[in-house]
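In what comes next, chain A is part of two complexes: it sits with chain B in the first one and with chain C in the second one.
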Partner chain A sequence: MRDVSPDKLKAVLMLLPSIILIALFVYGFIANTFWISLTDWGGVAALAETPVKNFVGLQNYAELFTGFLGGGFRQDLVNAVYYSVMLLVGAIGLGVFIAILLDCKPKGEDIFRTIFLYPMALSFIVTGTIWRWMLAPQGGVNLLPTFVGGNPLTFRWLTSMQAIWEFNWQNLFLIALYGLAVGMILIGFGTFRKNPARAGKRWLLPGVLAGLLTWLGGDLLPQALFMEETHGFNLAALGIILATIWQYSGYTMALYLAGFTGISQDLRDAAMLDGASDIRYYRHVALPMVKPITISAVIILSHISLKMFDLIFAMTGPDNAETGHPALTMYLTTFRANDFAKGAAIAIVLFMVAATFIIPYLVSNYRQKGSR
Partner chain B sequence: MTGKLSIGSFFLYGTLILLALAYLLPAYMTVVTALKLPENISLPTSWELPNPIDGGGFSEAVALLKPNFINSILLTVFATILSTVLGSINGYVFSKWKFRGSEVVFILFLFGMFIPYQVILIPLFQTLRAINLYGGLPGLILAHVVYGLPITTLIFRNFYTQIPDALMESAMLDNAGFFSIYKEIVFPLSIPGFVVTSIWQFTQIWNEFLWGITLTRHTANPITVGLAQLAGGQAVSWNLPMAGSILAAVPVLLIYILLGRYFIRGLLAGSVKE
Partner chain C sequence: MKKPYFNMLVVLGLTMLLLLPVTTTWAKDLSGDLEIFSWWAGDEGPALEALITLYKARHPNVNVINATVTGGSGVNAKAVLKTRMLGGEPPDSFQVHAGQELIGTWVKADRMEDLTFLFKAQGWDKAFPEGLVKLIGTDKGIWSVPVNIHRSNVCWYVPANLKKWGVSAPKSWDDFFAIAPKLKEKGVVPLALAQNWTANHLWESVALASMGPDNWDALWAGKLAFDSPAGVQAWELFGKVLEFTNDDASSLSWQQATDMVVDGRAAFNIMGDWAAGYLSTTKKLAPGSGFNWGASPGTDGMFIFLADSFGLPKGAPQRDNAIAWLALLGSREGSDAFNPLKGSISARTDSDLSKYNDYGKSAAADFGKDRIAGSLAHGVTANEGFMNDFAAIMEMFLKTKNAQATAKATQQIAVKNGIGK
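Let's look at the complex of A and B:
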């Protein structure tokens, strides 16, 4: 053991308060929330000095996922999945597109960048308030086609009761397995050109097998719920997704623009000399080179879509089931209905979802640093 | 090359201008609606310019949101200063005074940045109640300082990594210690780091809503909560929430427009590793 220099000790001591705060406020609190989720804390006396809490095991989770009254929460989960996917596709697609345009170094690039990024400085509450007015049924966005000679739209952005892509929650396991099979086959095709043998052995064959097995034995799977319950994508959420893309596409643009600018001009010139067109340059050189940025963008946007609380609160109000989200339901369950235990269970579900992609991301970042 | 440019640049500028207009539409809509008389606001005419221009919405919004605005200023200034100073010290330790396990501790810090805050909300609420900080600004400041630590530490750590170790070593040969190196070398070099971090924290804290609504009583509500209440009622005429939105947005927009370069650096620091 080396001698510990007094300066090193000072360093650790200076860090200690922060370590204690993080240990308590992050890790201690997460553990505490998990404990609360295993109790029955709630009801009229929930805010008493020493509230009654009885251990009930996983009952809160069971109610959320399989209970009769958990249907709202299940729809929230489905909503959250659709939000995430559409936000990712929309914000990254638009962000990359604008970044490529700005990477052409047009005159006034600064001004354009400022315009595309300003929504990012706003609060979700401001965005939500403004877009609620923009998306009002007989005004705003719905009037835009009339400026180019069209008829006004009649879509009810935030209040539509229509749902598409519906599925029966009973078949959840079946759908998950099919999804897994399709995902594996897609990855197999994606990596086929790089390494056909490995793609076949690791992805394609198992994917096809999994699909076949699910098709053959799917009837043997247990049903995820005791009754039929359909969930789908509520079209009312489109308005919220539109507002989020407006706010965050500038952010992905800034990320990609920084990445593209970091690629040396030599490399670009070389690609052009090899006869690559602009499109081919971005497809085969630039975008693969900024893959770490894509990963960051996916992580950050997924994280944002998990805490959409503020925006939904401001756009459709706290009591609109059509556009519900677990982050909002957690708040309502806990602080409006005083059902602390169930609120904690929802929070833990949210946390688990976040942890499944945050932890690998942080660990892989850390590994890279270690090996450098 | 020039021949290609003319058609190409036509499309380039055309697309960019169209997109820019689309991004500015909500801002235009907000301003014109805020300046209308309540009786002139109707959905079919929502895109039209205000006639006459009326400042009533603004004066009403100012009157209603002034206490919230002051709360937000106090909250943001104190929480930003505290979390930035702590972040600077932490970043200094994590980059220049690595100890066994410091990398792991750093990763454990970073994790705190990515949790959905719902997962700590109930214990936070309970703890603030237990130590009598629930309901007022000090409790809210505490929350923002603690959960701001990961990002401020990250930005400063990455910033200080760029300071060459040779500078540190020569200072240590001169018998400079932990504090004197910070005071003489690191701190003077970290002004841009302080600017980036405090701008980032300022915008984040100013815009925050979840803690504002759960941890404060009415008198301590920050501006986001005030605005949500202002806009939440069904019968309001829309010039009021639009004027309120502008009030709530102006401080952060000013910072963004005046110090945009630093804002973008903070944005990138939060997502791209070194």
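Let's look at the complex of A and C:
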């Protein structure tokens, strides 16, 4: 046996309690939830002292994705995707914009910084209640044009029944393949300048091929559902996205501002000396330098978009399919309908979606450490 | 020789003293804790307090723990209760909507004690209407003590406004469809509606009017399919009614929808009779003249009821204290202390009507003679699984307005949730 230094032993002993607790209360319970999602725990005797749980395999998942009554969940999932994308674009875009403005050191910069960061200090419930009032049909935001002599808006921020960008869930596989093809082609173009041969072989050609094959043989693909079911972006979700962006753009601003301040003034001076305008400085020098910040902002914000429960609960309540979210459906399915197995299945799906964000990040982190 | 005599007398006297209160008011010597779990906070808090005060007067040695979890119609409280029950830590007695919400969740899971013995001992089988006892029990027993009765199918309006517009309160939905276009022309919303659950609430009034009480009962007994012609007709009628509601409904609370009637922006509102308390207490309108009411169109002589009740969970830590609590709830004294404050009526047929306001008196009179039907939106007729799925079905209908497809989907969730089994 090799010598174990007392230092190492102490470290292990110190870490052991938290390792055990995390293993039990985080990973143990994830495993337990997964197990429950494979059973049929639910229905009338769900709350018996020793409830009957029969193993049913992936039936709960199949019902959620292809069942007649899973339509609500599928719309929620589509909503969650739109929430994530729009929150990322909105909060990072606005955050960067404000950070750049403040980085130019206007008068009273510190006051503005506090003002913009402040919404983050509020809880989602408070934000939700305030914005629900602001977005009420006959008040708040809709009255803004009247201050400049216009007619009040009539848009139903939270209750609109309109949907755009609709697609048929039956064509899910088709859309996924097209998305893949477009993604590969885009990556190919993006890396073309760096390494044309590799970009062509690895991304462009397979991308074009995949697109062509999907176009030609798309009819042969199985349909994801036995009936037509359209899902799209519900305009009612705009109100919720607006409130989230309001709350989190200040936070991304703070992240970027910290990054920008960390860039040495010499670099900026050098860029200016070379004749770079402010815009070109941020585009080609500052933003590439704060790439790690962009990555962490994306990860944090996408997680927030998956945990939007309280905001939606406060703004549109529990039974509003237009603005639904898997997290909300999971709670209602579990604790209102007593359908514990299906609730667990929804939780696992959410967990998987979150994992798709976090795992690539972890992998790239390990690689960086390895190469060092 | 005198001393033992004297001693014996003292001992005898003391035992008599001890025995006397026990035999007359048997519960005086209850002690320990009593934890009651409810969602009655805020506006409803004082009514619960009145009951607790009464309980303390009867059993001064019991320490009452009032565990409330706030949130309308128990959204949060029910989740907390479930985690407590699953964790093996039941409260002594908890609030629950009487009917299938209790039976489907707790009785079928074998977590409740049968209260038939208490009903017999207290003579409640005669004090409560027979139809009510049937709806809160199963063939295996009676599972909770109803504390109050609310009516769901009430149509509210302001008489002065109706006069101004030249219409009268509709007796049937055909009457309503005759006057609704007139109201619309005047820029008045014929029927004010609020967020999702009030649509479920409206649906039960419309469906009962459409299919009649016999079909309604058959529906929940599993003898009539939801996608039968009668079921589809109910959805069709509901769709027609929705055409005359406000389009910003889902962003309003029920109070805001009632406000529309008060402000003269809407003509009618169908809401449970908690609206009476809101209109008279908060809005300071006089019952009968400031605001008036009738059964919702087409449901005259029918009473859709919902009730809050308390049950006795198996394994209650202080069972005797809980039984004393339940005995108080069902007593005339208890229910007449609670209900005038809560704005509901007593489930008993012999309550002291002088303690109630005008609305309460009229509701109590109707409750005594009307055909009693159970409420869907408030947990009497269907279990929680069905109610949860029905909320999703309602969302689907509000969007598609397709009666046929919605009726089919409703039948599917009825099968899935074992309605009538």
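In this section, the second predicted complex is superposed on the first by the 358 of 372 C-alpha atoms of A that agree within 3 Å, B and C clash if a C-alpha of one lies under 4 Å from a C-alpha of the other, contacts with A are read in each partner's own complex, and residues count from 1 in each chain.
What we mean here is this: a contact is a pair of C-beta atoms (placed from the backbone, for glycine too) under 8 Å apart; a residue touches a chain by one contact, two chains touch by 3 or more.
Being a predicted model, the structure only gives us computed values, none of them experimental.
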Discussion item. Output check: A:136 vs chain B and chain C. Expected answer is one of first, second, both, neither. What do you get?
Written reply: both
Worksheet item: Is chain A touched at more residues by chain B or by chain C?
Response: B
Worksheet item: A:18 contacts which: chain B (first), chain C (second), both, neither?
Response: first
Item to complete: Look at A:182 in the shared chain and tell me whether it touches chain B only, chain C only, both, or neither; answer first, second, both or neither.
Response: neither
Worksheet item: Is A:348 touching the first partner chain B, the second partner chain C, both, or neither of them?
Response: first
Discussion item. Between chain B and chain C, whom does A:319 touch in the aligned arrangement: first, second, both, or neither?
Written reply: second
Item to complete: Applying the touch criterion given at the start, work out whether A:270 contacts chain B, chain C, both or neither, answering first, second, both or neither.
Response: neither
Practice prompt. Answer with first, second, both or neither: which of chain B and chain C does A:120 touch in the superposed model?
Written response: first
Practice prompt. Name the contact category of A:69: first (chain B only), second (chain C only), both, or neither.
Written response: second
Discussion item. Going by the contact rule set out at the top, does A:33 touch chain B (first), chain C (second), both, or neither?
Written reply: first
Practice prompt. Find the residues of chain A that appear in the contact set with chain B and again in the contact set with chain C.
Written response: 132, 136-138, 317, 331, 335
Worksheet item: Of all residues in chain B, which touch chain A in the complex?
Response: 9, 12-13, 15-16, 19-20, 23-27, 29-30, 33, 42-44, 46-47, 86, 89-90, 92-94, 97, 99, 103, 105, 107-112, 114-124, 127, 146-147, 149-150, 153, 177-179, 203, 206-210, 213-214, 224, 227-228, 231-232, 238, 241-242, 244-245, 248-249, 252-253, 255-257, 260, 263-264, 267-268, 270-273
Worksheet item: Can you list the residues on chain C that touch chain A in the complex?
Response: 75, 78-79, 82, 85-86, 88, 104-106, 108-111, 195-197, 247-251, 383-385, 387-389, 391-392, 394-396, 398-399, 409, 412-413, 416-418, 421
Worksheet item: Touching chain B in the complex: which residues of chain A?
Response: 6-8, 10-12, 14-15, 17-19, 21-22, 25-30, 32-33, 36, 98, 101-102, 104, 106, 112, 114-126, 129-134, 136-140, 143, 147, 246, 250-251, 254-255, 258, 292-293, 296-297, 299-300, 303, 306-307, 309-310, 313-314, 317, 327, 330-331, 334-335, 340, 343-344, 346-348, 350-351, 354, 358-359, 362-363, 365-366, 369-370
Worksheet item: For chain A, which residues count as touching chain C in their complex?
Response: 42-49, 51, 68-69, 71-72, 132, 136-138, 156, 158-159, 161, 316-322, 331-333, 335-339
